[in-house]
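In the two complexes that follow, chain A is the common piece, with chain B as its partner first and chain C second.
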Partner chain A sequence: MRHLNIGIPRGLLFHSYGEAWKLFFRELGCEVTVSPETNADILKEGIRHTVGDLCLPVKTFLGHAAVLKDNIDVLFIPRYVSVEQESYMCPKMIGLPDVTRACMVNLPPVLDPMFHVKLNKEQTVREFVKPVAKFLSLSPAAVSAACERHLNRHEEAPAGQHRQAEHPLNEGVGRSAVPGRMNISVIGRPYLLFDRHLSKNLFHFIKKLGANPVYLNPDRAEIREAMAVIPKWVYWDMGKEVVAAAHMSFKDERIDGVVNVCSATCGPDSFTGDLIRKRLNQRNKPYMSLSLDEHTSDVGIQTRLEAFIDMIAKVTA
Partner chain B sequence: MEVFLGIDVGSVTTKVVLIDHEGAVLWSSYKKTQGQPIRALQSAFAALRRDMGDVEIKGVGTTGSGRKLADHIAGADQVKNEITAHAVSAIHFIPNVRTIVEIGGQDSKLILIRNRVVTDFSMNTVCAAGTGSFLEHQAARLGIGIGELGGLALSASSPARIAGRCTVFAESDMIHKQQMGHNLEDIVAGLCDALVRNYLNNLARGKEIIGPVIFQGGVAANPGIKAAFERELGLEFIVPERYPVMGAIGAALLARNTGKTRFKGWSVAEQELSTSSFYCSDCPNSCGVIEINDSDRVIARWGDSCGKWGKLEE
Partner chain C sequence: MRLTVPHMGLLSTAYTRVLRQYGVDMQPPPAATVRTLNLGVKHSPEFACLPFKINLGNMMEALDNGADAILMPGGYGPCRFGYYGIIQEQILRELGYQFRMSTTDNPDRLSDMIDTIRDISRIKNRSDGYRVFFLILMRMAALDRATALYHYYKPREIDRGETDAVLKEAVRVIDRADSYAKLFRTMPSVKKMFRSVPIDKGFRPVTVGILGEIFVVIEPFANLEIEKKLGEMRVEVRRGVWLSDWLNDRFRFRPFRRNQTAYAKKLARGYLNYPAGGESIETVGKTLLFQKKGVDGVLHIMPFTCMPELVASTIINRISRDRGYPVLSMTFDEHVSEANIITRLEAFSDLLERRRNGSISRH
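So, the complex of A and B:
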């Protein structure tokens, strides 16, 4: 029997949970096809399919769905509502299966189980498992077991796969500051940072300028610590991680500067960006917010990074 | 005498300066790029040579969004971002400067300086609503020269309230104000206020602007904008004598401490240079690759993210 081919767009939450999704479906006997890394053609496809006021990462996601859709049996677009109690994903993420259906025609079936941490673990799993078991004609028990093993682990690590050394996009990005180097902490959502095309390969560019790019990935305890410093619990999943990464970066003596990468029209980032600037940077460490959109040129990003690094190095004539 | 060349290829204008080792400006030129940066650069070189003779260049610095292009054409010892270049020249002329407001043709910058080092900066992003192009476009629409704009604004008695958030909105707002019967002076003054509000909203949010403030870049020529800033912030804006070429001066100052220069010589002014471009089809990134050709010989190539076109076979 031919295995069912599950298509996963390489966008948005794929950069946080994609490795776990792959393991989950393989355990259930499926084949998994992931779209290639974002390139100019994929982005163009995405822009062609979207309405104007969607953000760059959603546009990119739709481009990935577009290049996948004709070569797979089913598109996997999970509806992530929350991965932790008292927090929520951005509405565009919650509505992602609907947005995709609304923007594109001739889609294969879309498998969109909901991941929503409500009262207890069992409930979360049950809700996620039901549509998957039905679609794959498997027993809920078998799917539950795979879900428990691979997906329902958010309490341990918020975006677990970035802690794994084998993550393909980790290449050359430090996890901590290196003594004696200029260490630049890069904070932001994984789907921007680890998409080399969207982020204009900025990790690489920082290295080319002679500095050491660092990506800190806070764990639960570190997130809690950061939340205690600010006046109010951050409501956004992922936004919370960015705030915590900022807090750790400002606190760490070895970090020389912090670059916050965000998408130009991101609602949650506009809140967290202000919070970071006003409440967390008490010691006035060099901090810069870099906002990306589809018009952003490499030159614009490079000029800002060069200037930022010159500023830290105190370049004078 | 040791002289240094500074080149600032911006989106709208091309600036070239010649300075001595102390940073005194011996010659400068400020010309519209008109979408042809190579020709603009060549004609500036020709003019410099005509005025100054065959001076021996000891160092070359380039800056501006076309700094790489300028490097390929002229051969630069320092290829610097605009923030650093502007800061270096402002500090050179006014050592106790603490804020630099720079508004050019298509972008604007705010640079904070404390104790002679840059401590923070911001640049406008994709929107050019608060820049020189915006003013120029609106002046043309009102049928007045860009040079008259500032004087008119100063003579206004009651500036009209104009939305400055977006060029398109500002334009329809201006038409509306004209039709309501506001006079030209008040509309022009309102336009200056709108640009200043736009600048402060986009760049200055959360930043501490304290004097001395230096106002540089092409838009500093406009006394209406200067007055609007001063009114809005309650601070004096100092416009340095060389305000339109400060970036180029900064690039030249930075090039003073280089050893043997990479300057290609004045002959570049006479070369038949042309550019061409193509989209590489070897991978889905489809990078746009730019080539500079001297007759039919490719002398520089860039734009590819993998770097394989950048290496030229000799």
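So, the complex of A and C:
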């Protein structure tokens, strides 16, 4: 029997949970196809399918779904409502399966199990497992077991922690500052930072300029610590981590500058950006925010990074 | 303590007089003007949404007028609204304003609302708190009722502008009804006031359902008086989003009115299977409802960068294509111009009119 081919678009939460999803489906005996890394054509395809002023990462996601859709049996677009209690994903992530269906014609079936963390943990898993088990005609118990093993680990690790070790961008990106070098902490959402096309390969460029790019990945305790500094718990999954990463970067003596990468019309980041700039940056560390959209050019980003790094070099010299 | 609360449609009319009776020193912000908007825009984050900016302008003008305390509802939704108060407070403090800020972190919970009322007023007794809160809710419902009558009479009026004058008077009359008894006596007279407007009885106006983000829908300043403009084009407005419905879904003060959110959720199934925050589910569900009910078209309005409504707008665009149903989405921000809005509304209402007369095909 031919295995069912599950298509996963390489966009949005794939950059946080993709490896876990792949393991999950392989364990269930499915084949997994992931769309290739973002390129200009994929982005163009996404923009072509989009109506309205959706943000860059959503457009990119739709592009990935579009290039995948004809070569697979089922499109996997989970509905992540929250990965922690009293938190929410951005509304666009909550509506993602419906948005994808609305934007495209001739879609294969969309498998859209919901992940919504509630007080009752079994219920969270049950909700996620039910549609998957039904679709694959497997027993819920088997799917539950796979889910527990690969997906339901948000308790110990917040969004973004499942990032795979073999991620192409991971090589050369420090997880902590290196003494004696200029350390630039890059904060932002994984789906922007770890998409080489969208982020204009900025990790690489920072390295080329002789600085050490650092990507901090706050754990639960560090997030709690950051939330204690600000007046109200940031209730967006991911937004929260960006704030915590900013807090850690400002606190860490060895970090020389902070770059906040966000997409142009990002709702949560428009607020957390203000919080980071005004509330967390008490010591006035060099801070720059870069907003990306489909018109952003590599050169524009590079010029700003050069200027930023030159400025830090002058100040510290 | 002089307390101010940012404006949202007619809401301040519903509570100001009642709370004043119970010793709250209310200082409502002056009605929003271009200055309000400019103040808000100047100090807000670049991509903050329009309601945030207008609210901030409201707060600044009220503080300039002598208010020294701000009450701002909060929350923990996926929408940004829940975080408004925090960012606004930070901006105002940075500008050097001195004030006390309180937020109700759970505007969905009755007990929190009652505690807030007891906190700011002379009312110490819990049951009095309930009595006052529900009076405010009923007053809001009465104001919405008057607005709905306005929607009906406006496109049919014979003397231009008469219905606007009647609505203004109706709001004044409801405002003066500061007890349950007075409020119940007032409603028949409000209806009579509208009935006395001379109308063109045989005229069947084109109908447009208005949906979208609640602040932009109910605040005429934010939507450049879109309902009045449509009325003047002799288009009847069917509004799908009401503040009293929002309140009723949470506090059940009108037991015979169905829960609109739950209803919309049922209607939206197949297009939007889980609420994406804000009014997204209402927008999708009620677009389908309006089509079923024979409303000629849907006008969907939202602030620029509004996350939940972007989801909804994408989906209702598909509904429009699937079913050949006219839907127009418009985004509002500080750059929107009156001429732009009028042109688009005219084109849309012309389209609906011709479509109804059969001069253009339905698909």
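A few remarks follow.
Keep this in mind: the second predicted complex is superposed on the first by the 306 of 317 C-alpha atoms of A that agree within 3 Å, B and C clash if a C-alpha of one lies under 4 Å from a C-alpha of the other, contacts with A are read in each partner's own complex, and residues count from 1 in each chain.
Going forward, contacts are C-beta pairs under 8 Å (C-beta built on N, C-alpha and C of every residue); 3 or more make two chains touch, one makes a residue touch a chain.
If you're wondering where the values come from, they're calculated on a predicted model, not measured in any experiment.
When the two complexes are overlaid on chain A, chain B and chain C sit side by side with no clash. Contacts of A:293 after superposition: chain B is touched, whereas chain C is not reached. In the superposition on chain A, no contact is made by A:30 with either chain B or chain C.
Within the superposed three-chain model, A:304 lies in touch with chain B and out of touch with chain C [touch as defined at top]. For chain A, the partner that touches more of its residues is C, with chain B and chain C as the two candidates.
Once the two complexes are laid over each other on the shared chain, residue contacts for A:91 go to chain C alone; chain B is not touched.
Of the two partner chains, neither chain B nor chain C is touched by A:186.
Of the two partner chains, chain C is the only one touched by A:270; chain B is not.
When the two complexes are overlaid on their common chain A, residue A:13 makes contact with neither chain B nor chain C. In the superposed model, A:40 lies in contact with chain B only, and not with chain C.
When the shared chain is aligned, chain B comes close enough to touch A:314, but chain C does not.
Rounded to the nearest 10, the angle at the Cα centre of chain A between the centres of chain B and chain C is 80 degrees.
Closest approach of chain B to chain C, taken over C-alpha atoms in the A-based superposition, is 5 Å. Shared interface residues of chain A (contacting chain B in one complex, chain C in the other): 264, 274, 278. Listing the residues of chain A that touch chain B in their complex gives 36, 39-42, 197, 201, 264, 274, 277-278, 284, 286, 288, 291, 293, 295-296, 298-300, 302-304, 306-307, 310-311, 314-317. Every residue of chain C that touches chain A in the complex is listed here, in rising order: 45-49, 74, 76-80, 82-83, 86-87, 89-91, 94, 271-278, 280, 304-308, 310-315, 317-318, 329, 331.
Per the touch definition, chain B reaches chain A in the complex via residues 23, 65, 80-84, 88, 91-92, 116-121, 123, 125-126, 206, 250, 253-254, 256, 283-287, 305.
Of all residues in chain A, those touching chain C in their complex are 50-54, 79, 81, 86, 88-92, 94-95, 97-99, 101-103, 112, 114, 230-236, 264-271, 273-275, 278-279.
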